[in-house]
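Common to both upcoming complexes is chain A, partnered first by chain B, then by chain C.
Our next item is the complex of A and B:
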């Protein structure tokens, strides 16, 4: 019998995300409650209770990548939301209010899972949706951490909320909490995180078997489906492909790799091709992205799980944020850093000038910033971006003559 | 006998010259702790025999802080950093910096590393602040602040001292609430700018000193005959409402502030600290009871619009002036629902964009004039 051809990891990964949304639609049809969740809400809770959940941030990114961002943002502005507000939030608020988004439709919510470890904007964003639909909002509050460690009182606060959230979701799902199922879900979640981190780690090879921009695309899986075994399997398959590519000397980055950079921040989804063009022309591969460590939630028990969820790009102190980034810059041997000053993301962009100075001093590599937005194309200038990438290229050339990469 | 205008003039002098106050306290040998927005438990500072000093930006130009922030951040945060970088906060024995919004998060980090000479005390208030685990977390973090303050003060904060400080603050809040009511009742005696100065000066004085002056003023206001003022009472909402030019334009247009939903004014004085044998726990309970604020999670979801409508009705305001702090996304996020609630109740409102670098008031003047015309015809 002919052996079945092995499915490409990127197909497996796409199918996993498609399945998440299909399951949500199916649940809606059956009359089961469907939730909307922020990307770093402890997903293990809803998964344990068998609740189907969609992810507005993932939807907003998909809508923006398919050029629906401006239309949706303008719809939200028409409802009275300032254009200063995060574009993901504006897209999501417009969709929740009934604005169609053929680019990435998903069922309207019956409950909301809000965790503010990403940002405080999330809290008001979800409250607004809860009011529109008159539905329950389950708030998991993770306050900003000014220290490099997570304190005992913080863990205690999160544990208190963990049990409280379970109670609220038991009522919504009409199911009882099953500790054994929770352990199984956590096992899946850890397996996914480890496989994700492993796949990301292949950026360290020279030349890299992948472009870091691939990781942005695969992030959808780690956001929407990290508790499913299929996701772990897909990331394991991805890691195997990268392993093979290293052996074969191939790469998903089909251009020269004259230089390697860290791309700091969320990409500008509406103009991905534009972001790519000068990088490819100059042979600059992205081999480090901050999302790799940001979604590596690995834990062995409840206390470690709470600590893991305390760590999001905008919830850790400056020193931890710098350490993460400098770690992946060193591991992945970057020659420079390209910083996205993301108009949508005040917390993230608010640390960057100081981080830039630290990268230059600690790593001895050039750092260049550009202005953009994760989902509203009106906040991006192609001319400025191209000039900045050219500038980074020149600085890396000069630096190469001197010191080399980190 | 001291007149109302004399007291108001003293308040204006204090509110306009925070530097003088700061240097005065330092000269007197007092330790002064800068309190950034929002909800700093100042009682702890007071109980340590130190002076809590409100640092909510200042009108001016941002220059040095541009090394830390792009342009799209609220000017309060940028100006606080600017003041730190340019030595204007020199002499403070510490700062307490909360992190309740997405600008305060990076501000906390930037200030900590950019102004290393001032001891830094961080606060991350809980949003799930009402349930027992949230109250306990508040107790824990306030306990940490207490320890850091004790280290700065060089002595312990006893329960007796803290209980006494809570009394001082409850009296201060009560006096300020009474003043807000009286100022709304007597626009013939208190202009919008004077009203602002009375409330703002509380940032730059010990509450003991401030309450003495406010009580003196309140007594004089209470002794006034019923007001026959013929202008229009409005309600203000926003983070700050202390710009003299804007307040002057309100006065020119015969508008008086009947009550407010302003972070630097009434939002901070709505809730007293309840009685409890453990004063730290009492402070945590007070934070748990804070509500109706865009900076705070609203577990009831609709609390704020309903509360504000009630406030507007009870002070007989005919319209609302929303002073929208530029780049303040919590306020911006809550605007559409506030707008909807106001429209449902047929309460007219205008929204004016403000910041602490504002120089041109022509547009605001036109808006306010038109609004006054609309209200006078209603």
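Our next item is the complex of A and C:
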């Protein structure tokens, strides 16, 4: 019997995400409650209770990538939402209100899981949906952490909420909490995170066996399906592919690698190709991305789990954020940083000017920013972006004459 | 190479509102320059190229290297290379003012501030984004509504006796504000002075983000407006140097880079 050809990791990863959406649709058909969740709400809880959950941020990114972002944003603005609020929120609010999104349909929610560790816009966004649909909103409050460590009081606060959320979801699911199942789910979650981090770590090689932009696509799995063993298997396969690529001297980055950069921020989903092209033309590979590893956290017990959920890019203090990024820049040997000043994400953009100053001082590399938006194409200008990338290239060239990369 | 044995490099700066060309002899002497008030996507770049070659008495084939910069740099046919207007303005400003450390360039719709290191190379920059308030376009709109020649604005603002503020940062709303001031019989000279301070405030904010290190040099078309230069000096509290060649700084820098690339090859 011929050996079955091994499936490419990117196909495995795509199938995992498709399965998340399909299972949600199937559950809806069976009359089971389906939830919408913010991207860093503790996914282990719903998974343990067998509840199917979708992720509006992932849906919005997919809609935007398939060029439906402006239509949905305009629909939300027509409903009265300001164009100053996050474009993911606008897309999601429009969808929740009944606007079609053939680019990435998902079942309407029966309950909502909202955690504000990624931002505070989530709170009002989800409150609005809860009001629209008259459904339960389960809030998990994770405040901004001004310290570099998570205090015992903070852990206690989160643990209290953790048990409260379990109670609310037991009622919604009509199931009882199973501690053994929870341990199994956590094991999967950790396995996924480790495999994801391992895959990301291959960016350290020079030249890199992957284009950093690949990680933007692959991260959908770690957001939507962290607790599933299939996700871990897919990321393990991805890491194996990168390992092999290093041995063979190949890469998914098929161009010259003249310079390596960190891409700071969420990518502009509607114009990914436009973001990529000037970088490709100048041989600038993205070998460090903050957005992706942000979802690769590992924990050994409940306390560590609570601390892990306390660490989203926008909820850690400036010092932690800088240390994190500078670590990635050093490990992945970048020559420069390209910062996306994302109109949709005020918290992420707000601290970037100070971070830029620290990167320049601490790493001695050029840092350039451009204006854009994660999902609303109206806030991006190709000509302005290209000029800035060219400027970054010229700065890196000049810097190389002086000191080389970090 | 020209028939006379010298090497000529051409720098073409294709902006949004104008096209500028400079021809350099052996990377040292400006032999001709041309400016056509039409930019990317028009006949401007080609007309400027033709004019600068005619002035120099050269043919295309006499050129050793052509380097294009500006918004329309990728649309210039026959260019040997392209570089961003950031580096080119930096290089051009350094050529005109060797001690420069901060370049403020205000063009038709772009404003940028460049940090120059002690080697005369750019090491950082900031640019305006999305909004052209405070750029040449802003001044054109204001000149039109005031029914004055844009080239007279500096002289007129120098006659200002009373402070009139134009507070809107949006060009369109600022235009409405100016109309409102005119309706209230405000003096045109006072309004123009207010407009210049508005540009200086906006650009000054950009410059302060980068940090203002002397010597500060202004390039770009708006540098020809002494009223804006003066207002910016007051805003930043530093002397600002400029040159009659301010608008050609990008093209000059491009020609210089072209020379560098030619001799390296």
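Simple rule for what comes next: the second predicted complex is superposed on the first by the 404 of 406 C-alpha atoms of A that agree within 3 Å, B and C clash if a C-alpha of one lies under 4 Å from a C-alpha of the other, contacts with A are read in each partner's own complex, and residues count from 1 in each chain.
One rule holds for everything that comes next: a contact is a pair of C-beta atoms (placed from the backbone, for glycine too) under 8 Å apart; a residue touches a chain by one contact, two chains touch by 3 or more.
As the structure is a computational prediction, the values presented were derived from the model and not from experiment.
In the superposed model, A:398 lies in contact with chain C only, and not with chain B. After overlaying the two complexes on the shared chain, residue contacts for A:125 are found with chain B alone; chain C is out of touch.
Touch criterion met: A:353 reaches chain B and chain C at once. In the superposition on chain A, A:366 makes contact with chain C only, while chain B stays out of contact range. When the two structures are aligned on the shared chain, A:268 is found in touch with neither chain B nor chain C. Of the two partner chains placed by superposition, only chain B is touched by A:143; chain C is not. Once the two complexes are overlaid on the shared chain, A:62 sits clear of chain B and of chain C alike. Using the contact criterion defined above for the overlaid structures, shared-chain residue A:116 touches chain B, although it does not reach chain C. The partner that reaches more residues of chain A, of the two candidates chain B and chain C, is B. Once both structures are placed on chain A, chain A residues 341, 353, 371 are touched by chain B and, in the other complex, by chain C.
Chain B makes touch with chain A in their complex at residues 67-70, 72-73, 99-103, 105-110, 112-114, 122, 124-128, 131-134, 136-137, 140-141, 294, 297-299, 301-302, 324, 326-327, 329-330, 332-337, 339-340. Residue ranges on chain A touching chain B, taken from their complex, read 79-82, 84-86, 89, 116, 119-121, 123-125, 127-128, 130-131, 137, 139, 141, 143-146, 153-154, 156-157, 159-161, 164, 314, 317-318, 341, 343, 346-347, 349-351, 353-354, 371.
Per the touch definition, chain C reaches chain A in the complex via residues 71, 82-87, 121-125, 127, 129-130, 209.
Against chain C, the residues of chain A that register as touching in their complex are 341, 353, 360, 366, 368, 370-371, 379, 381, 383-384, 387-388, 390-391, 394-395, 398-399.
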